[in-house]
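Following this line, the structures themselves.
Both of the next two complexes hold chain A, though its partner changes from chain B to chain C.
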Partner chain A sequence: MLIFINDYLIHGIVIGSIYALGAVGVSLVFGNLRFANFAHGSLMTIGAYFALAIMHNTGLPIMLALPLAMVLTGLLCVGLDKAFIRPFRASATIIPLIASFGLALMIQSAVQMIWGPGMHAYFPGQITRPVEIIEGLRVSPRHMWMVAAALLFMLALHLLLTRTKIGKAMRAMADNAELARLTGIDTERVIVATWLIAGALACAAGVMLGLDTQLRPMMGFELLLPIFAAAIVGGIGQPYGAMAGGLLIGIAQELVSYSWLGTGPLISPSYKEGVAFAIMVLVLLIRPSGIFRGRVYS
Partner chain B sequence: MDPALYGYMLYGISLLTVGGIYAILVLGLNIQWGMTGILNVGIAGFFAIGAYTGAILTTPPSPNHLGGFGLPVPVAMVTAMVLCAIIAWMVARLCIRLRADYLAIATIGIAEIFRLVIKVEIWATNGARGIHRIPKPFEGLPEPMNQIAFMLMILGIVLVLYLLLERAFNSPWGRVMIAIRENEPAAKAAGKDSDKFRTQAFVIGCAIMGLGGALMSQYLKFISPAATEPLIATFLVWVMLIAGGSGNNRGAILGAFLLWTIWSGTEILAGWMARMGLIGSDMLTQVSYLRVFLIGLLLQIVLQKFRGGLVPERRVPMKAK
Partner chain C sequence: MNASPRILELENVSGGYGDTDIIHNIDLYVEPGEIVVIIGPNGAGKSTAIKAVFGLLQLSSGRISLAGKDITNAPTAQVVRMGVCYVPQVANVFPTLTVEENLEMGAFARTDDFHPRLNEVYTLLPPLKQKRRQPAGTLSGGQRQMVAIGKALMLDPQILLLDEPTAGLSPKFQSEILEIVKQVNRAGTPVLMVEQNAKQSLKIADRGYVFVDGRKRTEDSGPRLLANAEIAEMFLGG
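Then we have the complex of A and B:
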């Protein structure tokens, strides 16, 4: 049982928190701008590298570098939207999707040009050992920090969406953009807020991914599909659903390689990513509105 | 012959050969997206299935991977197409009713599952190390005749496909496809089973992509998961179609050759700049990323300024009977 928790469940919760942070951004952008943002994974990557650059150039601790990088990534999103997505507001949803596809490659190659194709680490050579919390239950302190930070960001998002004017406007627009415009909501302002939040959370997800393993130019792009999976499972346009979907996909991915039957892993760990894709395709087919009854956009 | 001139000739041959293989992939996508409006972002998956099917059926026996069937190359090419068609039909059965963005996400997810299987099932595919010694048609001929013959075969296939697709586009069948792309409810109201037609377009397009994959593995004489990365097998094909002119077969072919010339030309330009001392040789990898950046930017410019591409679709007005 303890092996199950230590080696499988905790990893699932950690990776699930990262997916959740990413998926919230995908879900918000899909809900308010009506397109699947294929650049979201690359935004996570560049956010992680922003934090790295701030730490290395100013010597700030990661606790301060992270919020700065989140602001930077959010502003980058607003700029990219102005240049590459905004011209297509009135077009079919497919055109901004293709544009975001190109944007993903541009961001990724920019990362490779600036920081090189190799790996980086926030704390090179430093290994964190798991500490025993209670008899037999071992958790790495870094993982505890990461999950705590993810919870904090989720709580902040919840307060923003329910207690502030712009948050309520965002929910209204996700619900019915036309009606929101008619009631006097400045939809362009809502879109700016959406990008700021999506970018900031993408950056947080990227930094956590970098803390969990290492920084690589492909790190975010490789997570794009599990994150889409999480957003779809949770129901598009449902930030809370995206959080649940992220945890669900993350945990499911880890748990399938546990030795449920007999001694060997149920499904080879090499197929971990495949599990996320398979869940996503299944949800798309069986219940495209997601488990939390999000919107299905035609 | 002057060795420099000979080198340029070989380069020209390789440009036309690979450009031709890309033209085949782009024509396949043009049936799906240009004609019917199916957003398939899983080209790499069918490209990989075609490439590995061709490779496994034709290579000599090897302890590292499945093989030793020693089938003739044309048989392998046809099998690759048929297998891709069957798999595409199964995918379409599941997914074709999904619309726009959802279909895009599903196809890229399914393609990545295919690529994952290829990476993981080492007994069949030799994993990341890939399959070597893939037979290439005409390789028995003396240099450079073998390369010229292979190039002519590719260009011949492009021509045949072009003629077939032109007929398809201008047939009643093609007009149904375009009607579905333009206004699906109206096409349905006119009694057209749109899911059936979309499935047909998806299956035919994917079979052509499988053929492209088999030809690429023959050209390279080697296939590995790295050669089926979405960047080169999906993204580049999409930019070629959009830049060339989606919905227009000539545009699709032109886009393939043009983009491939830019893509491979920037590599040569970078090498030349390094030799001239304009950039340090340590900059070479950096420059290869710059070209991905520039191709991405080119896509944005085409999308914003030349939505129809270089050769926009021709809309032939219907004549009254």
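Then we have the complex of A and C:
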């Protein structure tokens, strides 16, 4: 039982938190701009490298480098939107989607040109040992910090969406963008806020991913598909659904390789990615609008 | 000279969504304090005329002015800030937002504290206060219409434009909504509305316009249109 928790469940929660942070951003952008942002994974990557650069150049601890990198990534998103997405605001949604795919490649190449194709680590050569919390239950302090930070960001997002004027306007625009315009909501301002938040959360997800493993130019792009699956499972356009979907898929991916029957893993870890999509298909079969009733396009 | 300029005036307005015009040479005005109704068969361009005011239409000719100021082809955001609020016929509330959040969004363009106005709207539409924490999407059709009207009132508009506020409602709610329109108007807001329910809406209207095929067929006071035999035969069910 303890092996199950230590080696599978905890890692599932960690990876689920990373998915959740990424999926919330995908969901917010989809809700307010109506396109699937293929650059989201690459935004996670560059956010992770921003934090790395800040730490290595200024010597700031990661606790301070992270918020700075989040702001930087958010601002980068606003700039990229102005240059590459905004010109297509009135176009069919396939156009910004393709533009975002181009952005993904551009960002990834930029990361490779600046930081090289190799791997980097925030704390090279340093291994964190799990500490025993209660007898037999061991958790790495790094993982505890990561999950705590993810919870904190989710709480902050919840307060923003329910307590602030711009947050409520974001929800209103996700409900009905045309009505938001007719109501006198400044939709361009809402879009700027959406990018700032989506970028900041993408950066947080990227930094956590880098802390969990290491930094590579492809790190975020490889997570794009499970993150999309998480956003869809939760109900696309619903930030709370994306949080739930991220956790669900992250945990399920880890748990399927536990030795549920016999001694070997139930499903080989190489098929982890497939699990995300199996869950997505199952959920959509039972509930086509996702767990939290997002949009359905027929 | 007019002592008080007309709140809204359309002069010789033609326009549509593409190359073909849907409304032709429309002249229409709303005086301070009035309720004005546009009636006519389906496809007569009634809603199109309202959308023209709101900058949602391409005009091929004509002039639109608000309290004497030219707003022809002004962008929607500017028309809202100048005090024109529009309630579309369907999908006119944010379903996942609570009633109060919907009203707050109606006040988005305000730069001052919206709470005094929120209390005024609650006084005018008491059921909204009761339901203020409920998501608007869970309300009945009539209540949703009330939220939509309340949301439009949050900017304390110079004029309220309503697109078929009673469409799809049961007869009981239809009279209730028209009664609300009357109260809103008594509280000082001029109203221009498009209505399918010609008979009932003319009863509360100061004046009415009859549109046919994108053109203005007749205009007269509410009571006289109600008494007009030809109009009665056309729309009022005999």
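As a convention for this text, the second predicted complex is superposed on the first by the 288 of 298 C-alpha atoms of A that agree within 3 Å, B and C clash if a C-alpha of one lies under 4 Å from a C-alpha of the other, contacts with A are read in each partner's own complex, and residues count from 1 in each chain.
Please note the rule applied: a residue touches a chain if its C-beta (ideal position, glycine included) is under 8 Å from a C-beta of that chain, and two chains touch if they have at least 3 such contacts.
Everything quoted here is computed from the prediction, not taken from an experiment.
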Quiz item: With both structures placed on chain A, which of the two partners, chain B or chain C, ends up touching more residues of chain A?
Solution: B
Practice problem: Would you check which partner chain A:Ser270 touches, where first means chain B only, second means chain C only, and both and neither mean what they say? | Solution: first
Exercise. Give one of first, second, both or neither to describe whether A:Arg171 is in contact with chain B, with chain C, with both, or with none.
Key: second
Quiz item: Taking the superposition as given, does A:Phe228 touch the first partner, chain B, the second, chain C, both, or neither?
Solution: first
Quiz item: If you stack the two complexes on chain A, which partner ends up touching A:Leu179: first (chain B), second (chain C), both, or neither?
Solution: second
Quiz item: After superposition on the shared chain, which partner residues are touched by A:Phe84: those of chain B (first), chain C (second), both, or neither?
Solution: first
Practice problem: Figure out whether A:Gln112 sits in contact with chain B (first) or chain C (second), or with both, or with neither. | Solution: first
Quiz item: Given the touch rule stated above, what does A:Leu284 touch, chain B (first), chain C (second), both, or neither?
Solution: first
Practice problem: Jot down the residues of chain A that show up as touching in both complexes, chain B in one and chain C in the other. | Solution: none
Quiz prompt | chain C-facing residues of chain A, complex | solution = 165, 168-169, 171-172, 174-176, 178-186
Quiz item: Touching chain A in the complex: which residues of chain B?
Solution: 39, 41, 94-95, 98-102, 104-106, 108-110, 112-113, 116-117, 119-120, 231, 235, 238-239, 242, 285-286, 289-290, 292-293, 295-297, 299-300, 303-304
Self-check item: Contact set on chain A toward chain B in their complex
Solution: 30, 35-36, 83-84, 87-88, 92-95, 97-99, 101-103, 105-106, 108-110, 112-113, 116-117, 225, 228-229, 232, 268, 270-271, 273-274, 277-278, 280-281, 284-285, 288, 297-298
Quiz item: Okay, in this complex, where on chain C does chain A touch?
Solution: 54, 76-77, 80-81, 85-86, 88, 91-97, 101-102, 104-106, 108-109, 151, 155
